[in-house]
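Got some structures for you, see below.
Two complexes come next, and they have one chain in common, chain A, joined by chain B in the first and chain C in the second.
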Partner chain A sequence: MKIFEVLQALDRRYIYLVVALAIIVPLMIPYNSDVVTTPPTENLYQLIDSYAGRSDKAILVSFNHDAATMPELFPMEVAIIRHCFERKIKLFTVSFLAAGAPIIDYAINSVKEEYPDIQSGVHYCNFGYKIMPMITALGMGDNIATTIDTDAEGRKLATLPIMKDIVNYNEMNLIIETSGSTAGGVWITYARAKFGANVAVGVTAVMAADMYPYLQSGQLIGMLTGLKGAAEYEKLVDVFAAYRDDYFPTGRPFSKEILRDESVKKLINITTQTQAAFTPEEYNSITAKYPLQINELNKLKQDKDGQVVFDVSKISPDEQKALGDNLWNVLNKKTYNILYKFKTARIGMNAQSVAHIMIFVFILFGNIGYFISKAKEKKA
Partner chain B sequence: MKKNIPLAIVMIGGLIWVLWVFIPHKILSEDFMYKFYIPWVYVQFPFGVILGVLSLIMMHKTKIQRKAPKWQYSFFALGGIAITCIAGFGWGNQNGSPMMWMFTNMQMPMSSTMFSLLAFYIASAAYKAFRARSPEATVLLLAAVVVMMAQVPFGLKISRHLPDISQWILDVPNNAAKRGIVFGLGLGGVATSLKILLGIERSYLGGGD
Partner chain C sequence: MSFELISNLVAAFFTLCIFSFLYKDNPFYQMAEQLLVGISVGYGVVYSYKNIFIPYFYQPIFLKQQFILIIPALIGSLYLFRLSRNLSWLSRYPIAFSMMSVGAGVPFSMHASILVQMRQAMVPLETLNLFLILIGTISVLLYFYFSKAHTGLYGKFTTLGKWYMMIGFGASFGLTVMARISLLIGRIQFLVVDVFKLLK
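Moving on to the complex of A and B:
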């Protein structure tokens, strides 16, 4: 029993040390774990995805936060932008906070590096920092190009190719606001109530409870809740939007059945993946497509359990050159290795898992100690 | 006069907005809004920024001159303003610019560090103060543990029903309480607005004549 008395009087610096270790170790050593997607995230994903490839639909992401809440909000912004770039969904961004404007640039540039065919003004447009959210929200209900006038790069909005078929909220029909405090207020009050735009939010976990009434009333069509919401969205993008095969060359539509399928596991591994495995049929179709590289492929391949396997980590730069960029990309894609920037929320969720368990243990020990000392007091 | 004119301005200004919300007429929704109000707001904003920056500089200048407690930190505040302005006006905020370098390498880690301190305080508070002292505290504690564990993948390993229970807590008791607060705030806001519009609440005019 003495142990609990000692623990009761534990110096808080030891608690801080345990917290630091509980967070740092899982961040340094990622392990594969699954996040279960929730309806608010799925609803948002499905609505965004329904705009795929359409010139007359667009989404607006409002970055309403500064750098302090970036660990929670930035991964969800990156995941949404990636979704748009993967599925060719027109994307607009804005910030009503001066400190939010650089975050837009940082998020777009981080994702854009992996999508060389995506162009500013064609596939996406950053409005940059704007003042007076209410005025802007109301004005865009009438005409986006006249309200915003110029984008962050100083270009006249009306002249940009992205504005073709986009006039007001009838086309830019979804607004997502990411915020570290109350989110979506202006959009719910003006864009939704007056013009019927769909509104969703991405908020820090501590703010989520405040947003539930709006979610239940239907004023919000979806919500990303803290790091978990971001991790869920990252998973959906990997499983559906970034998925490629012969049947779905530009990503596949959302399906609950697919999410329950065992095959999803290999798409969401957050540890480094180096093995590209092909069935004999798939391998034959590759050799037919790249006949000049057959010798190189045969030299690098291994046969494992009836499959043709390539370990991309063992392919030297010279061999990569011999394979050519296209074939190298085919092999790399088949490893299902996820770039670090596209899995930060899931790595963070591992740390959060350990931290939550640790806090639970703290609460438990604290209460056991409390009841023991109370019982002793009674006896005395 | 000193009282009546400000009261009339507030009353007329407020009533215009009430009419704007309830009467969707062209004069109000287009002429007033787009041709009068919006241009004036855009004019007013830069003056607000200038006022803010000047006020900040003057405050820190006075602090340094008077050698007020922790006056040395004011140099950092003024230096920060100057360097950020030079970087922003000089090179813009494109990727690779000094402004973006400062943002990604200074502001981002420093702000995130401040926010992450919350985790340490929560853990410490959970250990030192989160006790089942009463039935109400026990309910709060249990709800917190369920919602907290359901948030992470490990929660599913404890029970596959945990996320459903957590969702119920958020959807039913949490929403009931939140709605109560929101309704209270809304009604309070309407009552206060009406009192200001009708000239009953005059504390914003300042004390005395």
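Moving on to the complex of A and C:
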């Protein structure tokens, strides 16, 4: 029983140290784990995805937070923006907080680096920092271009190609607010109640309990809850929006069956993937498409379990050059490696799980120790 | 040294300064805390000047000659009289104008936060969840009804309301822990990935 007494008297700094290690180790050594998606995240994903490729539909993401809540909210913003860029969904962004405006630029630029064909004013438009949320939210119900007037780059909104077929909430029919405090307030109160716009929120875990009544009453069509919500959305983007094959050259639609399928596992590995494996048929089609690089390919390939395998980490810069950019991209794509910025939340959730177990153990020991000391006091 | 490296090193230094408080209060923590407050205020002032004062005051009045805007600008400037002990009453006028937006929001807020929530609590009890929500709503509301003593069967029912709230507080606490750990994860990811480049 002495151990419980020692634990009860333990200096809090040792607990900090253990929690820090519980977080640092899983972050330094990522391991593959699955994130189970929940209906609030799936509903939001599906609604956004239903706008794919449509010129008469758009979404608005309202960045209502500063840097303090970025660890939870930034990964979900990146995931939503990536979804839009993968599936060519018109995206608008706004912030009613001065400190939120630079975060919009940071989020868009982080994703845009990987999508060179995406253009500002054509595929997305940043309204930037705006004041008077209530007036802006009500005004956009009538006409977005006259209410916002100019975007963050000072361009007249009405002249931008993205505004073609977009007038008000009938077209920009989904507003997602990411916030570390009261999320969705202005949009639920004005845009939804008066104009019937769909509203969703991405909130820090602290705020989630406050938002559930709105979700339950149907005023929110979806909700991303803290790092877990971001991790779920990252997974959905990898499994559906970023998926490419001959049948789905621009990503595939959401399906519960696919999520349950074993084949999904290779798409959501968060450890670094370097092996590109092709079936003999796939390899033949590649050699037919790139006949000039056939000698280089034959030199680099390995045969494993009836498959043709390339280890991209062992290909030197000179060999990359010989393969050419297009073929190099084909090999890289086939590794299913996910860039760190697109799996931040999932790696974070690994650390989160370990930290939760540690905290649970501390609570358990603390309670046992408390009751033992209480019993001893009674005896005495 | 690149700009990114310098900015990351500065951020890493101040992150560690803040974390040093976990050991004990010290001058590094105090410095970081006070710098944060100062920089936040400075940033806010400059950003507001550039994004509010210039586009909503200077440009319309001085460049576009929309002189009617001088009236709201003058009313708004009455806020500054908060700093005067004798004339602070003048600041109540812009406050009165801003209360208009509060009034305008009342009907919509009533709709979103009360009427729709009530409607959703009155749906047919088709699932167990809806039944639990109904019981929870009534028992919690009755727990806060203090004109009748919480005794007997009524007292047991209000105790159920208390249990509902306890479960709610527990869920909130769990979510709070999750959020705080997420913040720590974010900072450590920054140190491990962006500063020390230990992961690709």
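Definition applied: the second predicted complex is superposed on the first by the 380 of 380 C-alpha atoms of A that agree within 3 Å, B and C clash if a C-alpha of one lies under 4 Å from a C-alpha of the other, contacts with A are read in each partner's own complex, and residues count from 1 in each chain.
As a working rule, a contact is a pair of C-beta atoms (placed from the backbone, for glycine too) under 8 Å apart; a residue touches a chain by one contact, two chains touch by 3 or more.
No experiment lies behind these values; they were computed from the predicted model shown.
By the document's definition of touching, of the two partners only chain C reaches A:Gly348; chain B does not.
In the superposed model, A:Thr178 makes contact with neither chain B nor chain C. Applying the stated contact rule after C-alpha superposition, one finds that A:Thr189 touches chain C and leaves chain B untouched. Using the contact criterion defined above for the overlaid structures, shared-chain residue A:Tyr340 touches chain C, although it does not reach chain B. Shared-chain residue A:Met70: touches chain B and chain C both. Of the two partner chains placed by the overlay, chain B and chain C both lie in contact with A:Lys228. By the touch criterion defined above, A:Gly218 lies against chain C but remains apart from chain B after alignment on the C-alpha atoms of chain A.
In the overlay built on the shared chain, the residue A:Ser62 is in contact with neither chain B nor chain C. By the touch criterion defined above, A:Pro30 reaches chain C but does not reach chain B.
Across the two superposed structures, the residue set of chain A contacted by chain B and also by chain C is 16, 19-20, 23, 68-71, 99, 101, 131, 135, 205, 208-209, 213, 216, 226, 228, 352, 355-356, 359.
Residues of chain A that touch chain B in their complex: 10, 12, 15-16, 18-20, 23, 33-36, 38, 66-71, 99, 101-102, 105-106, 109, 131-132, 135, 138-139, 142, 205, 208-210, 212-213, 216, 226, 228, 349-350, 352-353, 355-360, 362-363, 365-367, 370. Listing the residues of chain A that touch chain C in their complex gives 13, 16, 19-20, 23-24, 27-28, 30, 68-72, 74, 98-99, 101, 128-129, 131, 134-135, 188-190, 192-194, 204-206, 208-209, 213-214, 216-219, 225-228, 272, 340, 344, 347-348, 351-352, 355-356, 359. If you check the complex, the residues on chain B that touch chain A are 33-34, 37-38, 41-42, 45, 93-95, 99-100, 103-104, 107-108, 110-112, 114-116, 119-120, 122-124, 126-128, 130-133, 141, 145, 148-149, 151-156, 163, 167, 170-171, 174-175, 178-179, 182. Within the complex formed with chain A, the chain C residues making contact are 22-23, 40, 43-44, 47-48, 51-52, 56, 101, 104-105, 108-109, 111-113, 116-117, 119-120, 133, 168, 171-172, 175-179, 181-189, 192-193, 198-200.
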